[in-house]
Amino acid sequence: MKVGLLTGGGDCPGLNAVIRSVVRRIANAGGECVGVLEGWRGLVRGNTRPLSVAETDALIGLGGTILGSSRTNPYKNPETDVPLLRRHFAALELDALVVIGGDDTLGVAVRLINDFELPIVGIPKTIDNDLKLVDFSFGFDTAVNVVVESVERLRTTAESHRRVIVVETMGRSTGWIACFAGMAVGADYILVPEVPIDVPHLLGVLKYHRTPFKNHAIVMVAEGARYTDPELLALEPRPFSHPRLGGIGASIAEIIERQTRIETRTVVLGHLQRGGAPTAHDRILATRFGLAAGELVLQRRFGTVVTLKDARISETSLNTTALANCPLDLGFYQDAATFFYEPYEPKTKE
Amino acid sequence: MKVGLLTGGGDCPGLNAVIRSVVRRIANAGGECVGVLEGWRGLVRGNTRPLSVAETDALIGLGGTILGSSRTNPYKNPETDVPLLRRHFAALELDALVVIGGDDTLGVAVRLINDFELPIVGIPKTIDNDLKLVDFSFGFDTAVNVVVESVERLRTTAESHRRVIVVETMGRSTGWIACFAGMAVGADYILVPEVPIDVPHLLGVLKYHRTPFKNHAIVMVAEGARYTDPELLALEPRPFSHPRLGGIGASIAEIIERQTRIETRTVVLGHLQRGGAPTAHDRILATRFGLAAGELVLQRRFGTVVTLKDARISETSLNTTALANCPLDLGFYQDAATFFYEPYEPKTKE
Amino acid sequence: MKVGLLTGGGDCPGLNAVIRSVVRRIANAGGECVGVLEGWRGLVRGNTRPLSVAETDALIGLGGTILGSSRTNPYKNPETDVPLLRRHFAALELDALVVIGGDDTLGVAVRLINDFELPIVGIPKTIDNDLKLVDFSFGFDTAVNVVVESVERLRTTAESHRRVIVVETMGRSTGWIACFAGMAVGADYILVPEVPIDVPHLLGVLKYHRTPFKNHAIVMVAEGARYTDPELLALEPRPFSHPRLGGIGASIAEIIERQTRIETRTVVLGHLQRGGAPTAHDRILATRFGLAAGELVLQRRFGTVVTLKDARISETSLNTTALANCPLDLGFYQDAATFFYEPYEPKTKE
Amino acid sequence: MKVGLLTGGGDCPGLNAVIRSVVRRIANAGGECVGVLEGWRGLVRGNTRPLSVAETDALIGLGGTILGSSRTNPYKNPETDVPLLRRHFAALELDALVVIGGDDTLGVAVRLINDFELPIVGIPKTIDNDLKLVDFSFGFDTAVNVVVESVERLRTTAESHRRVIVVETMGRSTGWIACFAGMAVGADYILVPEVPIDVPHLLGVLKYHRTPFKNHAIVMVAEGARYTDPELLALEPRPFSHPRLGGIGASIAEIIERQTRIETRTVVLGHLQRGGAPTAHDRILATRFGLAAGELVLQRRFGTVVTLKDARISETSLNTTALANCPLDLGFYQDAATFFYEPYEPKTKE
């Protein structure tokens, strides 16, 4: 049995652990694996590398993906790229393809299954933890821990200068990272896309915090958090014209400093949250996902994707419905908001 | 409402996060908390300290317990200590007592509930993760990560000297830590109390590992792993007469070195696994346990204990049955054993 | 003997270790200490706190400064603030004042010594390591290690996506942090204020690096690095109008991506580099600086400042000459440049 | 030019950084390198591997040595091993050999230089920091930081249980690691081989420490610290018969617990101190040592060894005198002892 593996989309800690795990499961059953390079691009171009147990055995703690990744979507040029992809798939004589990726990468898999019945097994990957397929995705725990370690560093400098520090985390459409990291550091406020920004409440909480027992504050904000107040909406884009740099964190910091007169600083954690060695939790989850996918391949249960629901690993059909996004569970946000100076009941978006 | 808190048994990362969380939940509802010092001993002796939001707000990342801990059991001297405990409980005018501890500490709570209907809410604590009440306990994730970081250090020295390193972890009666950390580092072999030690198989796997792609090996062993072979049982205690020092790790290392002629070293991680800042996972779990216990107190649902089943926090009656121990789920062991050179099907104890 | 302590300017890891050390040395000799809050502002306003051995003993590993800090300079309002400062100094009945700060904070001390013979002992503090007084300053080693750990995380994501990552470090006028961290991570290029940016050479080196054995690159840039080419000078400020956000890192990244067509990302480490627990090196250096300053106080050798030259701690007169800045030793840069693909002989600024 | 490299003796963080650095310096000058495997054993047996820039470029952060190491001394079998070593040296057509090792490994180099004028350049390596050749050796800073991080973990558990924890560090003949780590964690007592153990003083200091502001204690002890009191000398070996396990740490802990009735625990850090990624300091020092050795090779200045004195890298003749050991500078010990509850003036051994 010959099994291809590919990793697509943004990298995340645990991808190499998944690769190692699939390779071992297949090898133990007498099969062999081949790595497709840089996501779907590798199948379009026919770029591969061998993947033996010897080459992958030591990878469990290595961040990123040795296969490389890309956001190439063969359906963007369906007339040239899809036939190329099929030709290379055939030439490689693959019995199965394990696709590790988020909704974009797995969305291509769905089309290839529907259009050509390619023998695919999917493994969900999302550092933002925003796929319905999984309670928790590998990489997420690592990202949250990186944010926590960073905030611990920032806190001592915030204390020394009696500052507010606004920490902008990943999370374009969901606040999982901001909320979990915020809860874990005891953030004084947390802003997430799922809850409209309530500036007066934020400022109120921060003023309360300048009380005897606390002389600084940490505000966590997911990069996708947004104002709803039309005045602020008008304000937001003005001072920050360069899309890569001026984010919601800088905007919030400016508002806080202007309104409270407390010195405020912003830190954008950016790519730090994606990289480095995975935590034990993510190594184990990635390893178990790899074993589950290997098992599905060996049982020839194609067109499936691995899931994690209620702490149990299982699988479901790989189709568009399965790839639905999953916003932050507001129960977690309410738990975290218990520790804002005044407990806060979030209003959901209407 | 006046709520007492006590922490008993061995310390573990996350205890302070629980304390902070209960204090905040009660304070938000208008109540106040008081800390009982050094477990049940504090109630027997009447030693307490105030616990305000201001004093506990910054504790989420601090290891150990600011309340101190002990293994004092008032039922060892029931005629003197239990009346003293009741007298101090009454004098403190407590409306409720939140008890954070393992089977011993919570076992005392069960008797106090049964004998005197003390208004108690329990929170399970076990760094070994061996209570049926919880899928995962706070502190366990931290312990596993400490083992993983330690093994990463040991691996480079094992490689340089082409050695086997035997790493002895906590786990007197269960192999959760050894198995999870072993899976996360890609250990070459894992020995746990739940699976009888099969020396020939261990030696066989290690010989295979001295192959071109690997020049060293990591063997994880829980301190409670035991031989079943009568000859080895006879051998085991001989060279290691001092109970605090000579453990199963040293014994296994000696057997490996003698039989394979590969240089072998032992490292006993010991108390390193209990201390230090909790991981994000454990901070969040501990915080949520504290909120859940605070809620139970506010609803006067006494005689209950917080649980975590299928990734959901709930509660159950606090009684002897609830405190049952929980061995390592062998499914995890089989997953980890996939990566031994020859996959291994564990035989359970008969 | 009653000794005041104050910390001024930007915070840095090791300040609390210095405070603890001075307090202990003075206490061992029978004296007592008092903390002046938030730098010179505390003396102007008369804000202080007690500093006993009990309160400071556990501080060696805590980042920042429990005394708070500010950039207040009483000589900005010499007619009001300087008399206030002298009045509070007299009211506190201080026999000596230990001032921990950089050239600004110590510059005020020089004027107070010259104008009023205040009994001051200085301790140099500069996270940028740019004071002639010291070969290495406490906090610098911690900052370099933070950069190294961050780059290790960024490297795995750079590898997975075959990117160039530009890491902007602290260093407005000197390249110590960028150069040392760059050497420690094996950076592919390092840009520092002491060496004019040579864009063609940088681009040349990066192109060489896209060779079989390496698919990514790390470029370190101190925030104060500058172009000299008039065309680029004209270009630089254009796309980055907001002073807090658009720095030299983003500018360099844009040039690299435009010219080489390699995907390039920027990370600005910012305040992360200032905070958190000091390394062992910085704890020890800070402790020894504190002991040396305490000794000078006890010997009533006022008007002095602690120094570190050729690995030895000593002291010198605290005057304007002593506070001279110290650029990066270009020998270190040449060592680091050995590892650029083509070894590079830096041209110094004329 | 063809240059051999070998690493001998115990591994230590920074060896791979040295290898990478020599390889790069030689390659930049047009030469090539070859790695001799497992110390002198590799030359006796003729085991080597190629060492290109491509293969070594990414090694700066990797602990241990990719060349492997051993304690093989060809002069133990001078009639067979020395001729074999010379034959392989000739067959490899080496123009020079860079030897990275401690007094044993470099002692062999001295004899080979004296007996056969082999073209050798030495680089001193000692994790214990006990060679006169260097103020500080690479690997030492890493070891000290590992001890510090470990003690930070142990401290929270010591606090929770109001315990004394005795931490046994490396240091068979010198106390550099114990003293530096002890100073960096604010140890309550430090025991080193250079200062005879004064049990009554130790016990006195620990009793003082059970005062209101501190409820626990950390005692650092180098594995080579020894009693001088004849009674204790008689006592010491009794309960700890197995040389690998029962060390001075366990012995001290037993005495403390017996005499003070304070619960006391021992942790032996062991091989943890040798492994893992080097700190920034050690990466830079190792890199600069490698560049200096490469330079000496290129200038054909054989029979030399790299040195670090007064913060400057230089070289000296490689002979027996140069390899002298260097005990802990007692000035550092006195600085650390300032923080014992009663400051302590150490008596040096007579």
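Structural remarks
Chains here go by letter, A, B, C and D, matching the order in which they are written, and residues are numbered from 1 within each.
Note that in this section contacts are C-beta pairs under 8 Å (C-beta built on N, C-alpha and C of every residue); 3 or more make two chains touch, one makes a residue touch a chain.
It should be emphasised that the depicted structure is a prediction, and the values quoted were computed from it without experimental measurement.
Listed by label, the chains that touch chain A and also chain B number zero. Of all chains, the one whose mean C-alpha position sits at the greatest distance from that of chain A is D. Taking each chain's centre as the mean of its C-alpha atoms, chain A lies 34 Å from chain C.
Between chain A and chain D the centroid-to-centroid distance comes to 42 Å (mean Cα coordinates, whole Å). If each chain is reduced to the centroid of its CA atoms, chain C and chain D end up 30 Å from each other. Touching two or more other chains at once are residues 152 of chain B.
Listing the residues of chain B that touch chain D in their complex gives 7, 11, 13, 15, 38, 62-65, 68-70, 146, 150, 152-162, 165, 215, 239-242, 244-246, 250, 265-268, 270-272, 274-276.
Contact residues of chain C toward chain D in the complex are 20-21, 24-25, 28, 53-55, 57-58, 60-61, 135, 141, 144-145, 147-148, 152, 180-181, 183-186, 212-214, 277, 279-281, 283-284, 287-288, 291, 310-312, 335, 338-339, 343.
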